[in-house]
Each structure stands twice: as structure tokens, then as C-alpha cells.
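Have a look at the structure that comes next, please.
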Amino acid sequence: MATGPGLKISIDEKRYPGSAAPTFSGFKAEIAPGSVTAILGPSGIGKSTLLRIIAGIDRDYSGHVTIDGQPAAEAAPPGFVFQDPRLLPWLTTLDNIRTAGTGVSTEQAMVALGKTGLSGQASLYPHQLSGGMQRRAALARALTLNAGLLLLDEPFVSLDRTLVEEMYDLIASVAASSGPTMILVTHIVEDAARLADRVLVLSGTPTQIAANLAFPQPRNQRDRDTLDTYRRLIEDAT
Amino acid sequence: MATGPGLKISIDEKRYPGSAAPTFSGFKAEIAPGSVTAILGPSGIGKSTLLRIIAGIDRDYSGHVTIDGQPAAEAAPPGFVFQDPRLLPWLTTLDNIRTAGTGVSTEQAMVALGKTGLSGQASLYPHQLSGGMQRRAALARALTLNAGLLLLDEPFVSLDRTLVEEMYDLIASVAASSGPTMILVTHIVEDAARLADRVLVLSGTPTQIAANLAFPQPRNQRDRDTLDTYRRLIEDAT
Amino acid sequence: QEPLTLTIGVQESGTVQWEIETIKSLGLDKAHGLNLEVRPLADSRAGQIALQAGAVDVILSDFVWVAAQRNDGNLVTMVPHSLTVGGLMVPANSAIADVTGLEGTTIGVAGGPADKSWVILQAYFASKTGKTLPEVAEARFGAPPLVNELLGNGGVDAALNFWQWNARAKAAGMHELLSVKTMLAELGVAEPPPLLGWTFTEATAEAKHDAVVRFLDTSFTAKEVLLTDDTAWENLTGLMGAEDDAALFAQLRDDYRAGIVSSYNPEDTSAAEQTFALLARFGGSEVVGEGQELLPGTFWPGYRK
Amino acid sequence: MPLLELLSFPILLLVWQVLAMVLAHRLFPSPIAVGQEMLRLATEGKLLADLAKTLWRASLAFILAMLIGTAIGILIGRKSWLDRLFSSWLLVGLNLPAIVVAIALYIWLGLTETALILAVVINKVPLVATTIREGVRSFAPEFDELAHAMRWPATKRLRLIFLPQLMPFVLAAARTGLSLIWKIVLVFEVLGSDGGVGYRVSLFFQFFDITGVLAYTSAFILVVLAIEYGMLRPIERRVLQWRPAQA
Amino acid sequence: MPLLELLSFPILLLVWQVLAMVLAHRLFPSPIAVGQEMLRLATEGKLLADLAKTLWRASLAFILAMLIGTAIGILIGRKSWLDRLFSSWLLVGLNLPAIVVAIALYIWLGLTETALILAVVINKVPLVATTIREGVRSFAPEFDELAHAMRWPATKRLRLIFLPQLMPFVLAAARTGLSLIWKIVLVFEVLGSDGGVGYRVSLFFQFFDITGVLAYTSAFILVVLAIEYGMLRPIERRVLQWRPAQA
């Protein structure tokens, strides 16, 4: 069983052009190989920005972000669920999944669609999907590659409770089978309590880590008491 | 205090071109004037479709949907929060709010932005906003018009807990002051428990109303017990 | 005598300007009781359009065009203006000694495959060798200056061009192997045909009869002056583009004089008829239009000189 | 309803016929006269040969110009320093009269087929490049981010996100391009060539034979219509089928 | 870095000068020679008057063609039955040789300014309409839904969602349009006018005075560059400032 990479994040300054204050300044964090880290924090604090920096998309900052020692932009492609579904409108759902990497077979893609409950939607175009379906397709695409690093920006939004439970199981099984490093941005305490073995709470200007909680894994999903404790810990921290 | 319109929904058949089964067939519902109705149901069941039909956008169905007796497409424009933020990328946040109606003054727009915590973002373009900010801007736009009918498709997604609380208060105060008819599509039980005086749960193919719960209003937000009861009722129904 | 007004459309860059300038500088139009208005035109197509559009009364055109228009029901008519024709040019040290030497060479032709000189050259070549020229030589068609340019830089071995361009080529050291006039003569057309003429509609000829006649008188007077009076040429050097080139000036003047029409008899059209027949036989409808012979009325019977 | 599509052209002919009958002018022939002339020129004349020549020239020039222009347009649209450095060149290219290019090439390369086609290509490339550049500039940045995150190589980017977004611009460039190229070919064939539609049209024009001009023009337009409905539209339907249907 | 923008044109002149010196051909004048000729023609010749005439014609035709073409393009792009009915007409319009239109109008309206400008407009409208139609077809349907929900009147739709989405197509049509119109004006000025750049250029051409041709051409290109950098780019920057900056 391969284990995902470890991350060292050190952002001296990240400032968007035209904005008065930097979004990050002297921000440091480390993420252990194969861990599941949940990031919480108020809207607009910089969570999505952080994911874009880690993915190597945003390089307009000073500092060093390394993935297993390699600069972020040169590391292997992560599986990325953006905050919006971001499917290519001119490809069917199936073909969108297949863009995840070179040589993704139809079978592989269909398996990913099946896991997210979209087997019946394979040949539909994105605009023919409901909002929740689009998000699941984006999740399926990110999981298809078996990437060592998974960046998930609010992946369970627009899903009903039954589906969210299924997705929790899916993510847990991915974590258990190939052990990728996962970073999960979310506003839902439950997401963090159920999946994360570490929770980072961001706040302040410039953004800092206000809380850094470690939850021992593996946990028993049926163990309501532990989950409730976790939940309460997170709620207190935010 | 004006009160919002009453709705009579009767969809004989709504079928998307190319899809085998109709999304709605023989679907009927009534919505009382000035009520707050929450609609829950699995992803892909037809919630957004229903809102589009009520808004008069989707007219490709057979049946009658009337708003205070008028056909939906001819009724006054509703305030609509789409499932995606749907801001016009070429307008600043402020100008986006001002598109809500004719003669929306800068002051009015700034008030709406203030209520959603976006005063500092008035002159930014949508692509410069974080995901949660975009959604709040969409909410501000929908509220600006003081429309009699408010259609909200998962309006509180991507917001942190503090903001969600503020938005609950905002919606409650809107409901209390001008009494619009509100239809709130959501997957979050809490949203429904806190805001709705009626909860419709959709399920099945073709889509039917599986549960129709009435919750007496006004409720005391501090009254945790009642809210817990409501929550449990909804969870049981879904 | 109350002056009559007539508008003519002439190419601003054409050699016809030499005559116009002479008329204006000597006041010949006023002397003939004519108020001659000149509308400058960019090229020959512009002239044809201007005539059709009624913007001018008279233009300069070749007799084949007039014949074809008449054949097409457009009743235009003409009075000869110029007999000048082009010729076949070769570089000074060319190996081509006579027309048979054209075999295997590349010939630049001004105009295009339907150019009248080209058709005549083919007829001539056929009469001398019995062969079809385009089959044994390669023809390249282009605008006149382009053809001269290619002759100068070796792009073609020989060039068939209009007379004023040939004059320039001669001044630049080329030499005329054979003129179209000679070719016609050897093909049996003894007199040179009046290729260019003042052209107007029959309607104009009727409505403005006197003005047209006065204009033709004016024109013939000017031609007389240009033919006999060297001093009249002195202020034309600029128009001729030969300000500081005495050789070119003399060449242009002499070639122009050789083509001046000094008399006109509408009944004597045999040269034109023979040429037309020749063109029709060797060139077909592409060259002469649908008619197979020169229709009567092509030359205006309302004037003689 | 393909009925409207089928009716479209006949209605145009009808309008033309009625106009011709009302005006009854020698220089405004009716479509029937033009049709007869076309038939005559096709059987007795050189219409088919001329058409073949011009089509060959136009299509070759079209393909070359589209490929080169699209490449330049994408480069300039993506790299703003290239744009800053070369967009004034593009403007010069756009506004250089065809005749200048034609003369230069005819003199250097002689009156050859290559010179003609090259001249057309040089004339057309700036137009394609300008259109494509505007298309590239309007690209949605979020797909770029996606491609970036997935580390797609350039060819995959081109295929999966550039070309689909460029499609409307390519279609606009192609539709207007074919017609412009044919018009430029006409001009150049007049300047220096020994056949082709442009050459023949200029001959007809010498005699004001508008019927002949229109016969040739109509023949070419028929070819364009065939290309449009037989090739362009089917391709377009396939390529754009993802788009939500419009009313 | 506006440095690149400032350098762009001088570099082009330099390349031209070097080429002219290397080739040293009478028909390939250097930019210095062309500049001197331009100055001479401007002071002693009729360059300024000709330029003014042509510019007036081109700009009027440009504005009319853009307005009419955009309107037609939007109509045809929005209503698919109009498209089905008229797109073959548009194709015919696209492929009708300029000369046919010119002759028809000159003969009916006389050699007037109106005829010339109208002929140019008729020639150009199908091009604009075709480009705009592709733009309209690529509209994002979600903004339509928004407009629908808000019950925006047609003018507000046009202003808030159609025009911003059309912008890249309008820019493409404007940039290519100005150059095409000037080229068509050139042709028409040759056929039926007594002045203007086209008229003069054809005279220069008859004497193979390439320096003169280039002097006139360059003068016009300078005007276009002035329009581009003095008007189009600033407008563009303002209109497109919402777009995320590209590398």
C-alpha cells in the first residue's frame, strides 16, 4: 500500500493584485504523509487559495511549498475537486472523467461513476445534470487517477444526507486502500469529525492557524460518542 | 405589511428532451401566501427544475402553475438564488446587485451587501470573490428587489457556521418584515428546522411529495428543544 | 456662338491626357464653342461604368468592345482616336531572331489570354510555322508594368505589351522584334485598324449632337497640332513621365505620332472589319463577344473628317 | 423543421426572379437566364475547368491560411508579450492592400501558381489570426486552472479546452474566410493568371456580360452552399451537440 | 510593460529597412524612401485630401455595416427559424463578388458617394452578421435564465448579457472589418470615383510606382494604428477590465 506524500507549506506572502492586505503572510504548516487534514475557517479567509497554491496552479506568491520535497508546481498532479464542479461542458460525463489522466479506460471511468451513483448519467452533458450530480462527477474525476494527493474543496455540497453518508464511506475506503494524503476544505463540522485525523482551523488577517487538532484514527463510524466529542471539539475551535 | 402570493402547482408532465422517464408526472402542490416552504429530497429528484418552473423560466411542460392566479411566466419577477452563484462576470459585485431591478440605487445595493457581509467587496469582480462570497452576493441580489416571492436554491452553501447563523437571522427578519412567500430548497436539515413553517420532502420516480410537515411559527430561535424536535421529524421523513 | 457643354471620362494615367492637355492649354474647346468637362477615371473599367451610369457622355474604348455592346443591344457607337498598337519585345542580346524563335520560350503577355495582340500573334505564328503558339511556348499573363518588369529581370524571354510600355522598354534597352502592325499587314490587313475611339451612346449622339460634333472637331484639331507642332509637346513631358529622359520622350512622341488618326470616313471600315474577323476566328467569343462580325453602326455615321 | 432550410434558397430565387421581371433591365438578368447561361457555359464553355482551377486554389489557400492563422492567433492570444510586440504587425498585415502583396510575389516568384496561392494566404492569415486571438482572449480561466492542476500537456490542452472554446471563432473565421479567399483569388486571377473564375469573370466584365458574371458567381455559390450544407453544418452539429438547444 | 508596445512598430520598420537594403530592388523601397514620398505627397500632392475622402467613406460604411450586421447577426443567432430561412441568403451575400454589387449600384444610383458607400455596406454586412451570429450562438444559457427570471426587458438583456458576451466577436469583427472595408473602398474607388486613396493607388500602380503605393498605404495604416492605440485599445481595456489578467 502506497502512502501519499508529505507537504511542507511556508508562504512568506501571498497577496492578490490590487488588494490592500496580503491573504497569507508568514504562513506555515506541515501535513503528514497519508494523513487526512480538514481545513475549516470563515468564508474568504483563503482556504481555496491555499489549495490552489498546493496544486501548483497559483504560483504568484513568495515562499516554498513542497510535496515530498518537490516544488508544488512540479509534483505529480493531485486529484482536485474545485469549489465549483468545473466539468468541461463539451464532454459527456463519462468523457469528463476520462480526462483525469492519460489512458483512463471506459471501464475505469464507469467504475468511478458507479461509486458516485452516476452510472445512468454517463452519456449526459454537464448541463443536463442536476447540481448535486455535477459535484459528484467532479469528485469521481478527482478519484479516478488514484493520485497520491487529494485536494477536496467542499466536495459534499448539494448532496442529500444518504448520498453524503455514501461519500463518507467512499472517501474512507479510498483512505484505507491506497492511503493518499488528503486535504479537505469544508464548512461542515460533520465532514471533519467523520473523516479527518487532523483539523486545521484558519482565522485572522493575515490568515493564521488558530487551532490544530489531532484525532486518532482509525475510528469506528458506529461509535457515536467519539464522533460527538470530535464534533464538539471542532465547534469549540471555530 | 404586504404578504407574498399563494401558489398552485399542477404539473401534468415535465420531461426533459431525450430522457426516458418524465421528471414530474401528475405532480400537485399548493403553497400558502406568505409561507416559508422548505423542499428536501435526493439529488437529481427535480428540486431545481421545480423552482425554474415556478420562476417561469422553464415553460416546456404541460400543466398549470399559477402565482396568485396568474400564470407563472407572467407573474412579477421572483427573487431567485440559483444553485450556482450566477453573477454576471463583467459587472462588479455592486453592479450585479443593482441589476436586480430597475432603479436600484447604490445605497439600496450597499445595504444589501452590508447585510451579507460584503461591504468591502462592492467594487470587486465576481472572479475576485471567494466561493462563499459569490453565494452571498447572489443572495443579496435576490433580496434587493423586495420581491413577493423568493426562490432559494441551497442559498447557504459554502458559508461558515457564523455566517449561516447571520443568514438565518437575515431571512427571518425579511420574513417578519415584508412577509414574502419563500421556497427554500436545501439538503441541510437545520435550514428547514430553523426557517420553514412547512417542509415538503420529495422522492420517487416520477417525483412525488413523500412527506408534508407543518411547523407552527413564529418560533423562538433560543428554544433548542422545539428545534430538536423539528430536526428529528425532518430526519425521520427523509 | 453659345458654348455647349460635354463631359468626357478619361483615364487619368492614359496617353489620352496628352491630347486633353493640349486642348486645354491652347483653349481649343473654347475655340470650337465647346465647354469640355473632364472627369478623370482610374482605369478602363471605370470608364465603362461611368458611361453606363450616365456620369459622362464620352469615353475612350476599343472598337471590339463597341461591337460587342451593340451585339448585346447596348447601342453605343464610336469615332476613331488612335491607331497605335503594341509589339513583341525582346532583350537587346536575345537569341530570338524572329517569330519562329519563340518556340520553347516563355512569353509575357499584357492583359490576358484574350488580349487582342496575343490573338494576332498566335495567328501570325500559325501562318509562319503552322504550329499553335501556346502549345510550343509558355505564356504568362499579367498587368503591363508587371510584364515589363519580368522582361527586365529575365522572368520571361519575350514580352507582348502595349505601345507606351514598349516605348519604355525600348528606352531601357529592349528592342522590338515585331510590331502588331507588321503582323496584321502580313496577315492581309493592309491598313492599321482604329483600335481606340471616342465612344458614346446613340442616345447621346442624338440629344447632344452638336456638342459631340464640336468635341470631335476639337479633338481632330488637337491631333493635328500634336502631329505637326513640336512646341506643343514641350509642356507634356511631365504627363508623359519623361521629364529627365530625352530618349524616352522622343520615343513616346514618335510612337504616338505614328498612331494619330487624321481622317475619318464612316463608310471605310474595312481594316476594322478584317481585324474583327481575324480576332473572331482565332480568339472566339472570349475576345470579340458573341457576334461574329463587326455590326454596322459601330462607327458613327454622323461625322466625317 | 428542415422545411425552412429547403425553402430558403428557392425563396431567394423567387425574389430575384420577381425583381428581375419588375426592373426588366439588360444588366439585371433573371435567375432563369443565368441558369441557362450556366448550363451553356458548363457544357460548351469552360465553366467546369475554371471552377476546378479556382476551387483548387481557394481550398489550398483556405486550409493553409486557417492553420497558420489559428496557430498565430493562439500564440498571440496566450502570450501577452507576443501580442504587445506583434499586434501592430498584424494590423499592418491586415491593412496591406492585396495588390501590394500580389505584385511583390509575382515579381519574385514569377506568374506562378505558388505565387498566387502564397499571396492569398498572406492576405488571409492576419484576418484569421485576429479573429482567433479575440477568441483566445475570451477563454475561461477556470478551465486553464483545471488543465494546470491535471498537468495536461500542450496537445491535450489544445484538444480539450482551447479548440472547443475556439469553435465559434473558428466557425466564424471559416465561414467568412472561404468567401474572402474566393474574392481575393478573383482579384489575383485578374492580375496574373490564365484561367479560373476570376479571370473569366473579368473577361465577361469587359463586355458588361452580367449574365455571364452571375452564371460564374452562381456556380461558385452553389459549390459554397454544397460545402455549407454537406460538410460544415453536419460537422458543426456534431462538434456543437453539447450545447443546450436554443429556441 | 508598454515598452514592447512602443518598440513593436520601430522593429517592424527596422526589419523592413534591412530587407530593403539587402534586396536593393527598385520595387522594394525602403521605409525611409516611402516616408519621404509620404511627406512629399502630403505637402505637394493630394495625399491628405485623398486620405480624408477615403477615411470618411470607410468610417461611414464601417459604422453602418457594424450596426446593421450586428442587428442581423443577433436576430439570426437567436431565432433558429430565421437562421434556417436566411442563412443561405447570408452565404450568397458573403460570396457575391464586390464588383457585381458595385456595378449594379453605380448604374442605378449613378457614380455618387451614396452608391459607393452603400455598395461597401452591402459587401460588408454579411461578414459582420456571420461573425456575430456565431457569437450569439455561443451564449451561455444560464445568463438567459437569469434575465428571464428577472423579467429583464429586451434592451436590458442586450446591454447586460448580450453585448458583454458578444464583445470578443464585435472586436474581431471591428478589427478585421475596418481593414476589409478599406480594401473594398479601394476597389470601388477605382471603379467609380475621382479621388480617394484607392483611386490614387491604382494610378500609381499603372506606373508601377510602388513607392507611391506604399506611401499611400502607409499613411492609411498609420491612421489605423492611431485608431487602434488611441481608441480601440483604451475602449477595449475599459470594456474588458473585468477579465482576469492573463500571463
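By written order: A, B, C, D and E. Residues from 1 in each chain.
Please note the rule applied: contacts are C-beta pairs under 8 Å (C-beta built on N, C-alpha and C of every residue); 3 or more make two chains touch, one makes a residue touch a chain.
The chain list, named the UniProt way, goes like this: A, B = ABC transporter domain-containing protein; D, E = ABC transporter permease.
Source: prediction; values computed, not measured.
> Show which chains lie in contact with chain A and also with chain C.
Touches both chain A and chain C: D.
> Contact counts by the stated rule: is the higher one at C-E or B-E?
Most contacts of the two pairs: C-E.
> Determine, using the mean of C-alpha atoms as each chain's centre, which chain is farthest from chain A.
C
> Report the chain whose CA-based centre is farthest from the CA-based centre of chain B.
C
> Can you check how far apart chain A and chain E (ABC transporter permease) are, centre to centre, with Cα atoms defining each centre and the answer in Å?
50
> Where the CA atoms of chain C average out and where those of chain D (ABC transporter permease) average out, how many Å apart are those spots?
38
> Once you find the CA centre of chain A and the CA centre of chain B, what distance in Å lies between them?
28
> If you look at chain B, which of its residues touch at least two other chains?
84, 127 - these are the residues of chain B that touch more than one other chain.
> Could you say which residues in chain D (ABC transporter permease) touch two or more other chains, in rising order?
27, 103, 107, 141, 205, 208, 244
> What are the residue numbers in chain C that touch two or more other chains?
Touching at least two other chains: 45, 52, 143, 146, 149.
> Okay, in this complex, where on chain C does chain D (ABC transporter permease) touch?
Counting only chain C, the residues touching chain D (ABC transporter permease) are 45, 48, 52, 65, 68-69, 72-74, 108, 112-114, 139-143, 146, 149-150, 153, 155, 286, 289.
> Can you list the residues on chain A that touch chain D (ABC transporter permease) in the complex?
Residues 52, 55-57, 76-78, 80, 82, 84, 86, 88-92, 99-102, 125, 127 of chain A touch chain D (ABC transporter permease) in their complex.
> Would you tell me which residues of chain A are touching chain B in their complex?
Against chain B, the touching part of chain A is residues 16, 18, 40-44, 47-48, 83-84, 128-133, 136, 153-154, 157-164, 187, 189, 235, 238.
> In their complex, what parts of chain C are in touch with chain E (ABC transporter permease)?
Chain C reaches chain E (ABC transporter permease) through residues 12-13, 39-43, 45-46, 49-50, 52-55, 143-146, 148-149, 241.
> State the interface residues of chain D (ABC transporter permease) toward chain E (ABC transporter permease) in the complex, per the touch definition above.
Touching chain E (ABC transporter permease) from chain D (ABC transporter permease) are residues 1-2, 4-5, 7-9, 11-12, 27-28, 78-81, 84-89, 91-92, 94-100, 103-104, 107, 126-127, 130-131, 133-135, 137-138, 141, 167-169, 171-172, 175-176, 179-180, 182-183, 186-187, 201, 205, 208, 210, 213-214, 217, 220-221, 224-225, 228, 240, 243-244, 246-247.
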